[in-house]
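Going by the order they are written in, the chains are A, B, C and D; count residues from 1 in each one.
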Amino acid sequence: MSFKINDNDQRNLHQLAELVRRLNQTGHNPATSGNYSHRSDENKDFAFVSESGIDKGLFSENNFIPLNIHTKETHDFYTGRKSSDETDVHLAILQATTANCVLHSHMLEALWFADLFKGKSFATVSSIELLKGFKGVTTHDVEIQIPIFPNTQDIALLGENMKPVLNLDPHCFGVLLSGHGIYVWGNTVAEAKRHLEVFEYLFKYYLNKKV
Amino acid sequence: MSFKINDNDQRNLHQLAELVRRLNQTGHNPATSGNYSHRSDENKDFAFVSESGIDKGLFSENNFIPLNIHTKETHDFYTGRKSSDETDVHLAILQATTANCVLHSHMLEALWFADLFKGKSFATVSSIELLKGFKGVTTHDVEIQIPIFPNTQDIALLGENMKPVLNLDPHCFGVLLSGHGIYVWGNTVAEAKRHLEVFEYLFKYYLNKKV
Amino acid sequence: MSFKINDNDQRNLHQLAELVRRLNQTGHNPATSGNYSHRSDENKDFAFVSESGIDKGLFSENNFIPLNIHTKETHDFYTGRKSSDETDVHLAILQATTANCVLHSHMLEALWFADLFKGKSFATVSSIELLKGFKGVTTHDVEIQIPIFPNTQDIALLGENMKPVLNLDPHCFGVLLSGHGIYVWGNTVAEAKRHLEVFEYLFKYYLNKKV
Amino acid sequence: MSFKINDNDQRNLHQLAELVRRLNQTGHNPATSGNYSHRSDENKDFAFVSESGIDKGLFSENNFIPLNIHTKETHDFYTGRKSSDETDVHLAILQATTANCVLHSHMLEALWFADLFKGKSFATVSSIELLKGFKGVTTHDVEIQIPIFPNTQDIALLGENMKPVLNLDPHCFGVLLSGHGIYVWGNTVAEAKRHLEVFEYLFKYYLNKKV
């Protein structure tokens, strides 16, 4: 297997690694948690997935491992290194959607927010101006459905189960995992970051509103 | 149409862009939200309004677009670039008041605080020493009325509706938008920043007081 | 009147100005609020008091004005500049105690905590290990009395009224002002900072404890 | 007594001092509180314990004092300097476990969390994905027992009392002290930091969950 990285790939991974380090300062990936991926621009069958067990305050573009999205095959160069335990969820999202960038955050707001919908398959958010931060949303007067999955250690099965719901709501770019966190995606690093900021803001709004 | 920028304009835009980036670190403009303007010193019929869709952590003085406050006309040089979706509210404030600088924050405290006054046209704050941070206020022993508007996507109409209330209370330098945020103004960048800090502090005080 | 500054004075003012800027990042002095003083090492009848109206994020050692602690007389050099509106409280503390450094914080925790003792003249704190951060305290098993004053704009009278209570509890290095903030002192900048950190921690503990 | 420091020791102390300064920015060691130790790589009978009374925002690798873990003997070079008041707890943990690095945090979350289990000898945490940040934990589906001790100024006795419980739960790497804080350990600075981040996250989760 041969694998090449082009200039766009380098720029994307540099930008994503910088985002990962910044997210570390605001509680998104404590204790080496959190994982991240970006589809390759050079070869659309491949994606770069973050390496397992790295302190995200020290994460760099060298901590990505290129994988075939369908076979998980990687280049010999990476033998002995391991992509995130949750690689299968990243690959499921990259297979089922047109997104190029996937972020997984452990932010506590995602856990508390999912708890509010215990026993339900979807959480809803609506009526807040910042919803317009989601791609394609042009008014606060919408309701968006966010799928919720129970936590599991069977990541391959989780990925398969997620696929059918990922495109149900054209304005939803995230999936909640109870007691675990949220997966968020976008076409670029900047768009995925913007979507993550919208989710964080909405969750905080609902968790702390007074009336 | 010709348009010139003088040294004061350059200094004001530099200072305002720096403030925008700093506000990004404390939750005022997530997900490319928030917008900002400053009246031109060289030509009082013009104002610089922030460009649409910029990540506010990356905002610079080059992200302002000069507009005629009355006609919204701009220089050919800016063809193809778009000022904030909420330009009409900025222009309404610049038309109806003597303020030179307008800040729009999406801080969650503004949303939660406005929620406390659901169905009312004004929120009130009083009795806190930091009220003296508002221009002209010399004692904590005052009550200030902050207008509240329901959120809307009809920004032109919103701007028109705001004009009559902007000068009602001589000590109020802000307008709340339910589920959306707050507009704050002052004669200079520093004064607008000071007024924004007073609002943020007051909202936090009321939202979290114990008795 | 002549006035000299020695090396210790320069070092103390440099250190205090640095602390003022850092406190600005954590909510102690928003909207140009907060004021600070240090007794002169060269001339014990004098103190350096912070200038009025400065954005505390931009505060430097040049923003202190030397004043005679008893007469408020200053050097001609400072004509036209104004020390803090609350200078009289600083001078009262410097007259009545042996402290050399006085910090005035508007942290919201001080307001919410004082609210818990509405109508009382003293608040109490006890049983927390960090109480040992107060000078002379060697066990968590103590109770400390913090005086509370109602807010007022008559600062000269407030200063006079404070003097009799400043030394009542040998382990208390602060006075609360309802709806306003807290005054904290220590023999050095480092000690005053340490005492302020203890107060902030204790207030947060009491305000958010669950049982 | 002679004492040598090797390259690993230097690297560990440098890394630990950097962590101490960073923990200062997030409320773990206000008002000179908090203390830290690392076992010597050169001589396993020795450990480096943080010096008493240092502002942790200014802490450096020069603020560690090497001590014999069993006799507390130190080198003449350190005569007149004093290791932390809580040295005996550090030595107890280094004697009773195989950990090399011990962190003591005063984070308020540890106090509030311990309060939830008033009168009990153990607190429990379970079912959260981030539990996998503890060494050896491979699923969220576990329950971990954290010992709780009442606060005391008899640190020697506290250390002795702690020893029997330090290895009870193979997945627990911390001990709570009511009204005081938490001791956390790991085989390396990085592992102890990771464990501390897990505790902080879990405490916040439980303290603020909505249902």
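In this section, a residue touches a chain if its C-beta (ideal position, glycine included) is under 8 Å from a C-beta of that chain, and two chains touch if they have at least 3 such contacts.
Predicted model only: the values in this text are computed from it and were never measured.
K.L.:
Through what angle, between 0 and 180°, must chain B be rotated so its C-alpha atoms fit those of chain C, rounded to a multiple of 5?
P.N.:
90
K.L.:
Pick same or different for copies chain A and chain D, depending on whether their interface residues overlap by over half.
P.N.:
different
K.L.:
Counting only C-alpha atoms to place each centre, which chain is farthest from chain A?
P.N.:
Comparing chain centres, C lies farthest from chain A.
K.L.:
Which whole number of Å gives the spacing of the CA centres of chain A and chain B?
P.N.:
Centre separation, chain A to chain B: 33 Å.
K.L.:
With chain centres taken as the means of their Cα atoms, state the distance from chain A to chain C in Å.
P.N.:
The computed centroid separation for chain A versus chain C comes out at 47 Å.
K.L.:
Where in chain B do residues touch two or more other chains at once?
P.N.:
Chain B, residues with two or more chain partners: not present.
K.L.:
Which category does the touching pattern between chains fall into here: line, ring, star, complete, or other?
P.N.:
ring
K.L.:
All pairs of touching chains, please: list them by chain label.
P.N.:
Inter-chain contacts occur between A-B, A-D, B-C, C-D.
K.L.:
List the residues on chain B that touch chain A in their complex, please.
P.N.:
It comes out as residues 27, 30-33, 55, 106, 108, 111-112, 115-116, 118, 151, 153, 177, 179-181, 207.
K.L.:
In their complex, what parts of chain B are in touch with chain C?
P.N.:
It comes out as residues 127-130, 132-133, 138-141, 190, 193-195, 197-198, 200-201, 204-205, 208-211.
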